[in-house]
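Same chain, two partners: chain A is paired with chain B first, then with chain C.
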Partner chain A sequence: MMSGHSDESQDVPDPATGNPAVEYYLRLYVAGQSPNCVRAVDNLTRLCEEHLPGQYRIELIDLVENPTLARGDEIVAVPTLVRRLPPPPRKIIGDLSQTENVLAGLQLPEAGG
Partner chain B sequence: MAGGASLPVPPGVPDGVSGNAPDGVLLREQILDLEKRLHAIRAGGIDSVVLGGPDRESVFALTNTSRTYRAIAENMGEGAATVSERGVVLYVNLMLAAMLAGDRRHLVGAPVTDMFGAADQSTVSGLLAVAPGATTRAEANLRRRDGALVPVLLAATCLDLEGVLVRCLIATDLTARKEAEDALARGRRELERRSEELERSNRDLEQFAYVASHDLQEPLRMVSSYTTLLAEDLGDSLDDTARRHLDFAHDGAARMQQLVSDLLHYARVSRGADTGRQRVDCDQLVETATVDLHEAIAAAGATVTHDPLPTVTGMRTEIEQLFTNLVGNAVKFRGEEPVRVHVSAARDGPMWRFSVADNGIGIDPAQAETIFDVFRRLHKPGSYPGTGIGLAICKKVVEHHGGRIWVESQPGTGATFRFTLPAADNDQVD
Partner chain C sequence: MTEASAATTTGSAGTSGGSATPPGSGSALPKAPTGIRGLDEITGGGLPRGRPTLVAGASGCGKTLLGVEFLVRGALEFGEPGVLVSFEESASDVAANVASLGFDLERMQADGQLVVDSIHIDPGEIVEAGAFDLEGLFLRLGFAVDSVKAKRVVLDTVEVLLTALPHEAVVRGELGRLFRWLKDRGLTTIVTGERGKEELTRHGIEEYVSDCVILLDQRVSEELSTRRLRIVKYRGATHGTNEYPFLINERGLVVLPVTSLYLAYEASPERVSTGLPRLDHMLGGGVYRGTAVLISGGSGSGKTIIAAQMAAAACGRGEKALFVSFEESPAQLVRDVASVGVDLRRWVDGGLLRLSARPATASGLESHLADLVGLLDESEPALVVLDGVMGLGQVGSLAQVRLTVTRQLAMLKSRGITAVLTTLTDAGPGATLGETSGLVVSSLVDSWLLLRNVETNGERNRLLFVLKSRGSAHSNQVREFVLTDTGAQLLDVYVGAGGVLTGTARLSQETADRVAAGRRGLDVERRRRVLHEHNAQVEAQIAELRRQLADEAAEVEQFAAELDQEHGVSADARVTMARQRWADPPPNRSAAAEPGGA
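On to the complex of A and B.
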């Protein structure tokens, strides 16, 4: 029922998973539970809750489980955040602790809404 | 931590433009150098990189040095997950994904609370508030995608990863245990229900027997009295046939009175429960029984002997009845030989095991169980007197005291009745 991992070109949320279509589709590449990766997860979650409530979906990809997934987005370091939607794709490397840099990198408005 | 959102710069790369070479050439060399390093990393020729920080050097492993632990976590028989401080699932092992019947791709990155039903949210929140170094445990239900609940035992620990706290959650499937417990509880309830039913029906029966036998006594006394009066009134005017019929009626009433009286006696055993428990000296009781049975013993030319007998705990009147009935039986069912009855006792755990042995007509082993039933007679009325309730009373008395009674015998070789009674508390074990 779900699309496999190999189907990396699929940016539109799969209707079979029940995920509603969202404006911001963010993919966070991590490698296991290293400190910067864990921090990146929580920083991104907080940032999205504050600035993109209800408009985002985060996909967490652990490259330890499947390193070949790094190829699709040409990941060379983790953690890396990739904005899949809206186009064009944009990448930010690091633990996402500097909110202004992340917002600028993603070209998001400074305040929520 | 003020980690910048930028790729760390390898050592050896100058901040700006310097040296004698033209700027563009130097820059290109530096870029080429960087590309070579990047290529080496991507080609897998490097295990770790060493980076200089503001305070100290750090080593970053590029190959996964914790692969063995990962493999263990992946393949273990319990569900495992790691959760970030904000409650985001970072990792789910194969077992937990299977327990949740879910795709790991959707479980990872989602709030951990999505794994649990609404009723367990506060339990899980409390569990995850565990401090570093501690472990908390609680039972909860995993909620699968199809809505089914899976009972689990959760154990949460907190790891401090260089200032970042990560919670590890271990989930043990309790489905099989819960099912076994439920089956056991169902069985126990059913057993209790049946036991209550039996007790109630037993109480009802005893009540009925008591009321019936009690209420039957008065009308029977009337029948008996008036047949006697009738015989006196009519006197000589009765012919032989009429007199014989009247005698039958009178005898029948008398026998029925005896039956009713015995039944009442039987019903009275254990009525009013255990209020009268006391220390009972069996030596003395057997002496009393022998005196009570004096006439029957003398008539049978019987000899009743006994060893020194112990003290038991119980209802004196009931135990006296027990000995009287058993010794009386032994005297009654005599064979050709002069009757000899011997009473003895041996210790058997918390009980005393008594034996009443005779050299009478004996009992067919096939009847060994049924002789203790109410109104069970092995012989025709007339061959031996009695209503057949004596042994039923004995059984009820013994069972009322938590003991058991049985008979060992062969026809023609006498019978030995054995029964157990609880020893008095401070009795010395022989």
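On to the complex of A and C.
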């Protein structure tokens, strides 16, 4: 359904192809240094370190600098986290402070393996 | 039920559509023309400039189209580039949907006149995990606006955000911010919203839009679908509060009337001929250009023929004419009027006359109106005949038909086009004069010709009255209307002691008059002949008497001759005897005859 995959693959190199070892490819859309965005970046890195050590890659896209990139993943709300790998794509909006919701959104088991 | 909530909103802006002040005068609110036919007229110039307008309606009402046309016309006609944010359809779908209307969105985007940004949000795909805002939307929109220096924005349908995103309160707050943002940037915006059951829109979008609310509606009544547009609210401006029919034709949206709400058209002093010299005379020299003429009459009274003759007369002057028939096909019309010597074919072939036939029942009243708009745009006639307007009564109530005809007339008048309407009067045998036209459009027309069939002596004859002719002295006379091989003609009716006579009654009366006059002539002739005969008799008598006289004279002469002979013989004898006696000298012969003749 979503047409997000194709468009900006030229703009942003897809590390998934270069590094098959990375299981989780996450893209975080933010808008400048707003409190929500700053919190989201912090929350995401902390969460990934806890639950996906060594298996993730985070790509940060600032829409203030690149507003056209919002089209690809149909971004309206900020911040938005997009799980690009593994498929299917998932979107999580908000500052990611609700860890349980984030884990559920990423379809990660609570136990963390 | 939905009407009730809408009606209360209307009350606040309650200026009546027919108010006397023309739009725009003294209105401080600047307006952005939409370029949509008719909409600018009823809004008095367009949508509030630099402010959002809500267009609400059920799905399929034409909300998106209204928005797209607003952008397209804004860019192409008013030099105001635009941004369309579509939350429901992809950019390619939107482009494909309006391509049939001649809107080439892809080209406009390439030309930098338009940005189409479609935002698809799949609620099932989104998980909420903390605080967020809609800055992404703002950034996208801001980027799009800046990229073409847009002056106009359409958000179709922004309320999707309310259902697709969690935390409605957050989204509502963000929408409020969005509208402020749009206003701050001076963007003239259309926001579309789905019609709600209780509220104007399902999600209460109207709370953000305080300046202008337009409601679209599609109704099916008696199997005919009609779309309607109503301005529920327009802050600080007079506007028409009626429901206006609108339609979507091949040129886009058309709101009817496409004319002004105000009676402000020019009045031409020029008169044009009806093609019937005597009728022109009855009307005081023809009808004024740009006025409306109603020809009403019973079935078969010759309405169409007079109308056709007027159209032919216009073409004869080198003007374009349009004949719209709601009853007959063009071919039938041409044939029928040709039978009485009105040659329409010639003008059709010459390109001056356009015939259009649309059965009254083929479409709704709105479509008929729109057809007329289209035809007027295409052929730009100087005279338009609407033949059988009454037939429209089959597809609408009397009030609706009257409204439609009013709009048709207003449309024609505003363009300075002479209008000829024919309508059937249902004047039965008992009807007095047929002056109550079933359509009651008579107050809208400037001239009114009434054709009446008069039944006498087992025949129907046509009478023509001029019931009304605004702005001119007109004849109070009734004329008999006869159809000849060279078109319709008006004859004096016979007005005598026995009343108005027509047809054979008129003819027989005329014959009787002729006979009476002839009889008097005959009398003189006879007397002359009698005199002549008498004269001849007398002459003959005289001749007879003369003959008798001559006979008598001849007799006398003969007698005298005989007498002379006798006398001669005896004289001779006497002479002989005298000679023998040697007596007297011989006597004078004549003297001797004289006494014998006496």
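Just so it is clear, the second predicted complex is superposed on the first by the 92 of 113 C-alpha atoms of A that agree within 3 Å, B and C clash if a C-alpha of one lies under 4 Å from a C-alpha of the other, contacts with A are read in each partner's own complex, and residues count from 1 in each chain.
FYI, a residue touches a chain if its C-beta (ideal position, glycine included) is under 8 Å from a C-beta of that chain, and two chains touch if they have at least 3 such contacts.
None of the values given here were measured: they were computed from a predicted structure.
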| So if we stack both complexes on chain A, do chain B and chain C clash, or do they fit? | clash
| said: Touch test for A:102: chain B only (first), chain C only (second), both, or neither? | reply: both
| message | By the touch definition at the top of the document, which applies to A:91: first (chain B), second (chain C), both, or neither? | response | second
| query | Can A:71 be said to touch chain B (first), chain C (second), both, or neither? | reply | second
| query | Now for A:34: first (chain B), second (chain C), both, or neither, which partner does it touch? | reply | both
| request: Determine, under the contact definition given at the top, whether A:53 touches first (chain B), second (chain C), both, or neither. | output: neither
| said: So the two structures are superposed on chain A. Out of 25-33, 97-105 or 169-177, which stretch of chain C collides with chain B? | reply: 169-177
| Where on chain A do the contacts with chain B and the contacts with chain C coincide? | 2, 31, 34, 36, 39, 64, 76-77, 92-98, 101-102, 105
| remark: Listed in rising order, the residues of chain C that touch chain A in the complex are 117, 119-122, 125-137, 139-140, 142-143, 161, 165-166
| Contacting residues of chain A [partner chain B, same complex] | 2, 5, 17, 28, 30-39, 41-42, 45-46, 58-60, 62, 64-65, 76-77, 92-98, 101-102, 105
| request: Going by the contact rule at the top, pick out the chain A residues touching chain C in the complex. | output: 1-2, 29, 31, 34, 36, 39-40, 43, 63-64, 67-68, 70-71, 74-81, 89-99, 101-102, 104-105
| said: Can you tell me which positions in chain B touch chain A when the two form their complex? | reply: 1-7, 38, 41-42, 64, 66, 70, 82, 84-86, 88-91, 103-106, 108-109, 161-164, 166
